[in-house]
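Both complexes shown next keep chain A, but they swap its partner, so chain B is in the first and chain C is in the second.
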Partner chain A sequence: MYEARLLQASLLKKIIEAVRELVTDANLDCSESGISMQAMDSSHVSLCALMIRSDGFQHYRCDRSLSLGLSTGSISKILKCAGNDDTVTLKAEDTADALTIMFESPKQDRISDFELKLMDIDSEHLGIPKTEYNCIIQMPSAEFARIMRDLQVIGDTCTIACDKDGVNFSVSGDMGKGNIMVRNNTSVDKEEDKVTVTMEEPVTLKFALRYLSLFAKATPLGPTVTISMTPDNPVVVEYPIDTFGYVRYYLAPKIDEADE
Partner chain B sequence: MMPRSPPKPLGAASYFDDIEELPAAFVRDYRQHQAVTYHAFTAEEVTMVRQGLLSWYDETRRRLPWRGDPPPWTRTSTPAASAAPGAATGRKGKTSKSAKEENPAQPRLTAFFGSKPKQQQQGQHPTEVARKRRSTGIASESELGLKQQRQQEGNDVLSLAVEEEQPSLLKRIPMSAYGTWVSEVMLQQTRVETVIDYYVKWMTLFPTPNDLAAASLEQVNKAWAGLGYYRRAKMLHEGAKKVVSDHSGCLPGTAKELKDLPGIGPYTAGAVASIAFGECEPLVDGNVIRVLARLRAIASDPKNAGLNKLCWDLAGSIVDPGRPGDFNQALMELGATVCTVKNPSCSACPVRTSCFAKKLTSAGSKGPKHAVGEDGMAVVPTAVTDFPRKAAKTLVKDQALSVSVVERDGPAGPQVLLVKRPETGLLAGQWECPCVMLRDGSEPRSSDAGNRARGTVVPSSDVPEKERLRLVDAFLFCDLGLSETLVRSRASVGTATHVFSHLRHTMQVERIEIASDPGMDDKFGTTSSRENRWVDVSDMGGVGITTGMKKVLALASKARASSSRSTSGAKKGTKRDAKRKLDEEPNQRTTKQTKGATK
Partner chain C sequence: MGIHGLTKLLSDEAPNCMKEVDLDSLTGRKVAVDASMAMYQFLIAVRSGGEGQSQMLTNEAGEVTSHIQGMFNRTIRMLSKGVKPCYIFDGKPPQLKGGELAKRTAKRAKAEAELKVATEADDKNDVDKFSKRLVRVTRDHNEDCKKLLSLMGVPVVTAPSEAEAQCAALAREGVVYGTATEDMDALTFQTPKLLRRMTFSGSNQPILEVDYQKLLQGLELSHEKFVDLCVLCGCDYTGSIKGIGPKKALALVRQHGTIEEIIKHLDAKKYPVPDDWLEPAERAERRKQARQEAKARKEARAKEEAKVKAETANPEAVSEEDVQQKEGDSDSDKAKADTPDHGVSVAKEAADVSAKRERETEDAAESEQEMDDTPPMYRQARGLFLKPEVEPAGEYKLKWTDPDEPGLIKFLVEEKGFNAERVASGIVKLKGARKNVSQKRMDSFFSVIPNPNAGAKKPAPKAKAGAKGKAGGKKR
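This part shows the complex of A and B:
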């Protein structure tokens, strides 16, 4: 028996919206410690890792570890039927081939339940090596989303250069070039508006903007985003989910081709 | 980026570029040289070679675990930057040059992160995970490895829940003198691509000389299984013990002291001293001999002791005192990736301007072709690969063996009997199926040469079948103490060959099924002269078996699969069908027949 109740359906909506466009099918791995997911996009260039620890749920019960194969599109459609303040409960039998999703309105006057058929997804599970990142950038998530949106107009490869003063996002394309510099900024009123760069060495890497802007779909999850980079390694873009989880995206850097 | 050639001193550059004007003089010098000093490097050449090699190495060196590089590691023998597989998201079709520059290749994420075994999910029940680890053959019993992993997890800024169950296989291994020693020993006679995984596994199992010294020879052999030349593992083990007892666990820092350790010769001593301790020591291996023989146009056979000595002197004269380790690795890497045995990539070579062989062949191509001097040698070498001269082929001993795959039904599927090889000699201390030597190949047979020339597998049938049976039975039923009455069926399942550097094993494989006797223990007790045990077929990876045995077991498992199919079919068929089947397969004999043959 598996049962997990979340007070705010909106949170689950945001999480699913954050991965839906990148990943079409994924296995939700449910265990005693919580729900996790790891999935790559169809071209295997990026990876999305999700974690919601059990303490984030109002009620959590997991008798046996389960792997629920879901279509992110389908669950998103079902979640559209929930009000933002509804309580959502996920239920599955240990050997179930369907996931029951129940919504209850705050006043308990409307209760709806949906059953979502599960799929057998043969997904590759990647081992993510421990990496010490040379640069860790924390910035407002809305700012990051805006930069990605703005730069996408110009070209498709974004160069992220990080040094002690701040971060420089640049792009060039057929019609011209763009450059957005975000400086270290810690003297702001609100904690979440801070831009902090923690670094050992400057790092410059190139990434496909298409994926970075897909990552920015997670912006509603929280006010800040953390970008960690180290040379010749995938970047990690992390959106914390309150205090009990995260959505992390890994993206392989583009590599300049060797001359002939 | 191709390595840029070093700044050329004027003299040398013009010599190379204006080769047409000088071939006669150069070739004459080469033809007439008597003294060894002809091969020596001039001071000018020494600086050029050092500069050229080091800057080439900095640009193109392979990323390897024992160089302290983080994964992913280079798994090809091409030195260039890792090629990018996968779909490029950028539109590559654009013709303008600038567009190409702005569309760098998009590698896949899988090029950075290793794939985990499919079923392994996070959040599984711990025992389940432990079971899976066991079955993957990655020994998780190395508590040290796990402890180390945990410590590292503590240090990490972003503690990733994703990796909590990740065996510590894919992270950077810090460089150490011990690590250098292990890698150098593993790399002897073995390709880099093969060594990487073994090295990572080894350093997880035995991260320090203390751990290695504390391990049993059995564990050491298991970790080495499949890498070949098993004496290396034993010597490494003994070396580690000596390091612990005489040097309190730290490798000594000079080549001279290193040479006193068991298993460390001049090459390993030079490598460890220069790479790990920065001592200005030369080293010479097969790659270095080839590179130097070409650079200096030394037309000797690589096995020649004089050439070896000369190479040590030459290597000593050019080793860079500032970065001896990098220089030595550069020299070897050049031999492995550019100055290869066949088809060297001379245009990519950073030291081609100092290369005598290159100059001679460029000159030679302008002179008369195929001119042969009075000594029978070509007047002018026609290819860089003429240096060093090809060694006379050593005769490979052809040995015939009979291997018995003895199977029984265990509690968890079929089990195979393994016996341990003696602690000395070929494949020392490795586990194998019971093996009997039919012909040790010391007396050459007249038919051998012809057969090998035709590329046919030499049949071992020149040992009469009766004689083979006598030998096999004596070993199984007398030496090992296996009970003959338990034999259910015997069938020959084919022949496997495995070639060692100096031996060729033709193994006639026989599969013997025996009934499992409930009273029979895992061991045969004291009557047996060799250590033995039963191992689940499915768990074979956990024991560590040699490549030759893998071939044997593959044959046996093929036979097992087809026999289980045919027996299920035979049940439906009539008795006559079954009888005919036996007649058609003369090799297959029932227990009764076996007894008849042995009596």
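This part shows the complex of A and C:
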């Protein structure tokens, strides 16, 4: 028996929307400690890791670890049926071939439940080593989303260069070049508007903008985003889920043959 | 081509080893492409002439350009998907392939004759069919493609012998991800991954990926046994035992392990083992036997002849006897004893002479055959699969570089008469594709591990159905 009750259905909706376009099918791994998910896009260029710890749920019961294979498109459609203030409960029998999703309105006067068929997804699981990152940038998530949107107009490859003064996002394409510099800025009123760069050594890496802008779909999850880079390694773009989880995206860099 | 009936056998017996994968999933992968296979496909498929499509593409000088066109476009499409192809060309065909090649030449000759008939009869379909059968990759085609590819900045490797074997060697050493060919041989050469339908045509048809390890698991065979299975099914290098198809071959290999054992246990009458599959000693034995049988037959024939002769000779003997009997009874016994012998000995002499003549010719043949100590063909074929003639992968520096634009224009437009605009747009795409090639894959940084939650998978479908019913009941 598996049962997880989350106060805000909207939060689950945001989480699913954050991964839906990147990953079409994924296994939700439910265990005692919480719900986690790891999946790659179809090109195996990026990886999305999700964690919602059990303490984030109002009620959480997991008798036996379960792996629920879901189509992210389908669950997103079902979640659209939830009101913004509804609570959501995920239920599954230990041997279930379907996941039951139940929505309850705040006044308990409307209860809807949906059953979503599960799939058997054969996916590769990657072991992600603990890495010390040379540069860690924390910035407002909306700002990051905007930069990605703006740069995509110019080209498809973004160079992220980080040094002690700030971060430089640059792109070049057929029609021209673009460059957006974000400076270290800690003297703002609101904590979440801060831009902080924690750096040991400057790092410059190139990435496909297409994926970075897909990552920005997680912006509604919270006001800040953390970008961690280390040379010749995937970048990590992390959006915290409140205090009890995260959505992390990893993206493999572009490395020119000559640089190898 | 390839291993007879292996595809079907695999889809029946080891379905897990085959999976259809999205074109995208190969992004950032290096792939060894069997160039001969690709060129052959182009020569067959890239044609003009409307309905029947019986004309290969040619330029003004009448040279065939189908292969160049095809190679140029497919390579660009691959690169745009972020796949890095490396083309492997065939070297010298192995000696064992002589038989197969001769068969192909014969087929071609037949097709040529049929084409003539069809052309005279003006049957478009047949003309098309037979002209396709006549297609052959020549040295010039090879040279054209090598030149084109190196101008495009794509690495080219000429294998010492079979291209599939070299592809497999590169893949085994991890230089490339897998082998792109339609030829199932590549699996027998142990390519970790075989990629079929790597055409990257517009249709977005998924690629069929065959995983070698899963194949062995599915068939429950070791590599050596798998090679024996392939040889039994029928490969390019030797004939096979009549009456044994892929299914039977698999059962036999599972039961007995090696071809040697199989032959020992095989019902020789039902499944005659070809001569060249026997051990030299056995082969000599079989030939000797055959000779003896032939000899016995001849002797029997000779005896019969002798009998006839003897019968014709006998009347004389009888008359002699009579005379002798008349002459004296004392002599008659002796004569009686003598004459039949005499008759036989005459016949024997005749038989002896003919037999001697036969033996002389046989002796010549025998000495020739006794020299024939070549190991059985299946063992030679097996040897070829297990230890193919390949260069170690470290010998090759595979480099994908920027295309040589003026070189390409010179080669394609000036030498081969391609449309300048199309070549130019191809080059633009090629340059654009170069950027995609630099994209790395996630699994080149993080290694694949077994899913820690894999044990949490649901049990058998039957149980699931029951559980579902229960769950539904509870709710309502």
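Here are some notes:
Note that the second predicted complex is superposed on the first by the 258 of 260 C-alpha atoms of A that agree within 3 Å, B and C clash if a C-alpha of one lies under 4 Å from a C-alpha of the other, contacts with A are read in each partner's own complex, and residues count from 1 in each chain.
Note that in this section a residue touches a chain if its C-beta (ideal position, glycine included) is under 8 Å from a C-beta of that chain, and two chains touch if they have at least 3 such contacts.
As the structure is a computational prediction, the values presented were derived from the model and not from experiment.
When both complexes are superposed on chain A, chain B and chain C end up clashing with one another. Of the two partner chains, neither chain B nor chain C is touched by A:87. With both structures placed on the common chain, the touch criterion links A:98 to chain C but leaves chain B unconnected.
Residue contacts after overlaying the shared chain place A:173 against chain B, while chain C stays out of touching range. In the superposition on chain A, contact of A:49 is made with chain B only, not with chain C. By the document's definition of touching, of the two partners only chain C reaches A:118; chain B does not. When the two complexes are overlaid on their common chain A, residue A:157 makes contact with chain B and with chain C alike.
Within the superposed three-chain model, A:130 lies in touch with chain B and out of touch with chain C [touch as defined at top]. More residues of chain A are touched by B (comparison of chain B with chain C). With both structures placed on the common chain, the touch criterion links A:32 to chain B but leaves chain C unconnected.
By the touch criterion defined above, A:65 lies against chain B and chain C together after alignment on the C-alpha atoms of chain A. Overlaying the two complexes on chain A leaves one chain C stretch of 23-31, 95-103, 149-157 or 167-175 clashing with chain B, which is 23-31.
Common to the chain B and chain C interfaces on chain A are residues 27, 29-31, 36, 40, 43-47, 64-65, 67, 124-129, 156-157, 206, 208, 233-234, 250, 252-257.
Residues of chain A touching chain C in their complex: 27, 29-31, 36, 40, 42-47, 64-67, 93-98, 100, 113, 118, 120, 123-129, 156-157, 206, 208, 233-234, 250, 252-257. Of all residues in chain C, only 22, 24-25, 27-28, 82, 399-401, 435, 437-459, 461, 463-468, 470-471, 475 touch chain A in the complex they form. For chain B in complex with chain A, the touching residues are 1-2, 70-71, 80-84, 86-87, 89-91, 99, 101-118, 120-125, 128, 152-153, 155-158, 160-163, 166-167, 169-171. Those residues of chain A that touch chain B in the complex are listed here as 27, 29-34, 36, 38, 40, 43-47, 49, 51, 64-65, 67, 122, 124-133, 136, 155-157, 172-174, 206, 208, 210, 226, 228, 233-234, 236, 238, 248, 250-260.
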